[in-house]
Amino acid sequence: MSEQHRHESAAASGSAAASRSVGARRSAAGGQSGSVFSKSEMMIAAAARELAGKRVCFVGVGLPNIAVNLAKRTVAPDLELVYEAGVFGAEPARLPLSIGDPTIVTGSTAVMSMFELFAYYLQRGLVDVGFLGAAQIDRYGNINTTVIGDYAHPKTRLPGSGGACEIAIHARAVFVIMRQSKRSFVERIDFRTSPGNIGGPDGARIRRAGGWNGGGPSVVVTDLGIYHFDEATGEMRLDSLHPGATLEQVRDAMGWEPQVADRLATTPAPSTEELRLIREELDPQGVYTK
Amino acid sequence: MTSKVATMADAVRELVRDGDTVAIEGFTHLIGFAAGHEIIRQRKRDLTLARLTPDLIYDQMIGAGVARKLIFSWLGNPGVGGLHAIRRRIEVAQPAPLEIEEYSHFGMVCRYVAGASNLPFFPLRSYYETDLPAANPLIRPIRSPYGDETVYAVPPLRPDVTIVHAQRADAAGDTQVWGLLGCQKEAAFAAQRVIVVVEELVDEAVIRADPNRTIIPGLKVDAVVVEPFGAHPSYAQGYYDRDNRFYLEWEAISRDPAALEAWLDEWVYGVSGRAEYLAKLGEERVAALRPGAAPSQPVDYGAYR
Amino acid sequence: MTSKVATMADAVRELVRDGDTVAIEGFTHLIGFAAGHEIIRQRKRDLTLARLTPDLIYDQMIGAGVARKLIFSWLGNPGVGGLHAIRRRIEVAQPAPLEIEEYSHFGMVCRYVAGASNLPFFPLRSYYETDLPAANPLIRPIRSPYGDETVYAVPPLRPDVTIVHAQRADAAGDTQVWGLLGCQKEAAFAAQRVIVVVEELVDEAVIRADPNRTIIPGLKVDAVVVEPFGAHPSYAQGYYDRDNRFYLEWEAISRDPAALEAWLDEWVYGVSGRAEYLAKLGEERVAALRPGAAPSQPVDYGAYR
Amino acid sequence: MSEQHRHESAAASGSAAASRSVGARRSAAGGQSGSVFSKSEMMIAAAARELAGKRVCFVGVGLPNIAVNLAKRTVAPDLELVYEAGVFGAEPARLPLSIGDPTIVTGSTAVMSMFELFAYYLQRGLVDVGFLGAAQIDRYGNINTTVIGDYAHPKTRLPGSGGACEIAIHARAVFVIMRQSKRSFVERIDFRTSPGNIGGPDGARIRRAGGWNGGGPSVVVTDLGIYHFDEATGEMRLDSLHPGATLEQVRDAMGWEPQVADRLATTPAPSTEELRLIREELDPQGVYTK
């Protein structure tokens, strides 16, 4: 299962989840679009913009699905949607409510066995971007979706890897969408399900030496801002604050002292067109965005 | 040709034995709920259940007490929440502990491929720099005999019984699927015994008119059970949609042991089989799940005489 | 979406380079004769040719001098005799030696699977107690990390170019095949560059109406060449039969270097491409190869809106 | 490629081949059927009878194909035909002239990739009988179809393994159909392409210990007689002489002193019905049987 599933089950396990923004819809101050928008809408728009120029995207359901479809309608018209269930080139006629939705199959380019999907597409290195969610993430982008507490006697049993550890290793770039809090942005994760930049500075070297396809985590979009990763240290760096968010809020919502870009930007608010697409075409019932 | 058509009750009684390793496969598509319910109804015990995504069906089965062990790669109710009956057994051993053996999706798939191929292991490039090999010592590093690259290996998974739901089969068990294929073929070839549950029983001529759609030959099949809507609340491509309402409702049922017990009493123990379950569900709800038509075009195999 | 449709001449000129490892796959079915002839016509040199069954097409190409090495598993004219141009180079180095690298069928298939899967090796239970590992030191024993079983490994095969013939594709290169699948999918995913040659160019909607038949997505395809009867004298399921007469005639042509040279002059160098080849072959002979109809029935994918 | 191909290419390479019986058609003395029959017809009938009770057969083209189809019409009605090209349950509407014949696909039960055919059917152990031909065979049923002479500098380059080494290892039983001569029945084969009983007495042990599916060679049908293998010694034993053949002919056509059964039988001649099926239904043009 992909992003949103891990996500939401993590939510059900007591962790923060992006979809849990009920009540926040259209409550945040508007940006350049002049309109109000929810935190989820900001996260979707920010993630979609990062997909500019990408070709093949391993999709999860929920926010990543909407972000990917928004990108396809804006910055990445040639984006091909891959679902781990064994679909390439999906053209869903409705917003899939889960990855177990037959609409991802009808009208797709190719359906293949899961062996072929994972071996010939993902492990072969044909996937440009994969989305991951996290119950816990550390400063190097390593992710835990397995357990809170000890593996043998967990305080909270999370869903586990699914395809996440494979996406983390093989997707050329990894996008993370998640809400941040001291419980989710932690100094030390309880279990490493999906490798990010591993120990930090030598993460890139370990990936190259091991012949991994993936370059590691590329961007983390939270409800407060956008992080990229410093090439030298492998550490997450806050590059942009969402409209209305403050550095203090960010510091209060993470377990380590964050690196902050010299020129900290403000994320452009969702444009009128982005909001129109999200609200009218992609999630008209507001299932994921309210 | 001998017919392998059997009732679900007979197929499960004869082919699923206490203590067996059972794989009900079908990734989001064609999940064998009818078969799982029959296993509950027959009060099978001490099963080892294997499946990439245990999903609602294994939450129900494990909640009902049929299993002592779970082999899996992702434990959740996709898009909704958790599988609380399973989690209770893992987190607080209620009502009993549950042994687990955990992989990633590709790791599970490769285990079935190894089983289907009679290989002692299968290599894959997963697990690097993760805690999974420490959590599961059956995930082992292996060096390539060409240069110094190291990959990981997983062992073969060889279920005693694999159960798959499919769109159609003939009486000999020749089975066809379209839409998502998951790893049903591999899980079936890996198994000692195979039960196929289908939406429709078709004439052998239908199978032979399109042999590229066959995923399992009758040779590997022990019983064919005809059980329309047997994958509900999951879906069968072209036959019915996923019943999302039930997935949403399961969250509350699964959280409460008493509610789970009541649900099992009403929908599993309280019905004789899938026909009664469907009648209980009601015609209206069932009818609402039927999709519009989206037919493929025929292809020509050519008559070569 | 950008169209990848190209002429055979352009596709071969741009995508096949001297010194490349080239795989033209298609096991008895859909053998890429038109592409092979164009490679001969463009006088490519020093190729390493990979293919399970070199067949007539590689006998012609190797006879024409395009290759320095052959990777294969079975060297013959099925049902008829030998491949004498290749045998002359192996047995008596005439007109030049030919390097060979030899596997079994499953070994070759596993090499493509390893290439397609980005694995450093692939395990299989072949070669026990045979002289093949001694003849080819790339076939190596490997111990299972579970117990003391030993199997054999083959290394990945990663062609610079894979060429496959198929029944149909759209302009983006999304390719569909029915009937025998051989190892075309694996050979294509293993390759750096892929040329697809098709009987018919179809609209994207035809592909999307039956996604289970797609073997290669446009993502992996560099050029789509529309070349009806491009697999003659082999066959295309549903389109034309095997032209057995030519396979029988090849035995005498292949045995005699002068006859081979004359044949190449007439049928390859002497024509501009497949259209002229077909015209030379004659309408009657071509028409006689068309089979009767044996259509599959449509399946319903369901419209889910 | 299967039996007949190896076979015929071996023929083209100067070795004996079963199909080279041109001129022998209906020249041998008749048996219980009272009619005349060719050596090929005798070989086909003898091989077909050995298929009694078998279920899944890996078919080559030529004599094995006719033998298998004869068995399906007589002693083994449930026989499923498997072709290495990726076909299970073939029902050819005409006699396939090669394994590259589309008639093996149309109307078959299942078509799959060659990977799946070799991995999930053959290596998995689902094939009861495989047919092999040979340029050279030794007393233990080890087979050479690779080279005559030295591998690096062969006197005659033969086709090689194809799927033969896999059939020899994985098919539960292996049937060999070939003409015998001092050049083909040899004391020492030049190259071991396909293992039979290996060194003889410990062949069965090696197969068991290595986890092979295959029990080794089961029967060799030649133009002179029928051989099975002694369980204790792993050696070929002449159990039956075809009508008209003599022990002297047999000895003259092999490179070692053959084991002969205590009660040497005479192969029943092809029955009237066997001959009718071969001549009217299976090979009406006499391509393989004349």
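Each chain gets a letter, A, B, C and D, in the order it is written, and its residues are counted from 1.
Quick note on the criterion: a residue touches a chain if its C-beta (ideal position, glycine included) is under 8 Å from a C-beta of that chain, and two chains touch if they have at least 3 such contacts.
Please read these numbers as outputs of a predicted model, since none were measured by experiment.
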item: For chain C and chain D, chains touching each; value: B
item: Approximate Å spacing (C-alpha centroids) for the pair chain B, chain D; value: 41
item: Chain A and chain B: spacing of chain centres that average the CA atoms, whole Å; value: 29
item: Distance from chain C to chain B - Cα centre to Cα centre, in angstrom; value: 37
item: Sites on chain C at which at least two other chains make contact; value: 113, 118-120, 124-125, 149, 178-179, 181, 185-186, 209, 212, 237, 241, 291, 294, 301-305
item: In chain A, residues with contacts to at least two other chains; value: 87, 101-102, 105-107, 111-112, 119, 123, 211
item: Category of the chain touch graph - line, ring, star, complete, other; value: other
item: Chains that touch, pairwise; value: A-B, A-C, B-C, B-D, C-D
item: Contact footprint of chain B on chain A as seen in their complex; value: 1, 4-6, 8-9, 11-13, 61-62, 84-87, 97-102, 105-107, 111-115, 118-119, 122-123, 146, 151, 154-166, 169-170, 191-195, 198, 206, 210-212
item: Complex interface listing, chain B residues touching chain C; value: 118-125, 138, 140-142, 144-147, 149, 151, 153, 155, 167, 178-179, 181, 206, 209-210, 212-213, 237-239, 241, 291-305
item: Complex interface listing, chain C residues touching chain A; value: 1, 113, 116-120, 174, 185-186, 189, 207-209, 211-212, 214, 217-220, 301-305
item: Chain B residues touching chain A - in the complex, by the definition given at the top; value: 27-29, 52-53, 72-82, 86-87, 90-91, 102-106, 109-110, 113, 124-132, 135, 149-150, 178-183, 185-186, 234-235, 237, 241-242, 244, 247, 251, 291, 294
item: Interfacial residue positions of chain A with respect to chain C in the complex; value: 55-56, 78, 80, 87-89, 91, 93-94, 101-103, 105-112, 116, 119-120, 123-126, 211, 213
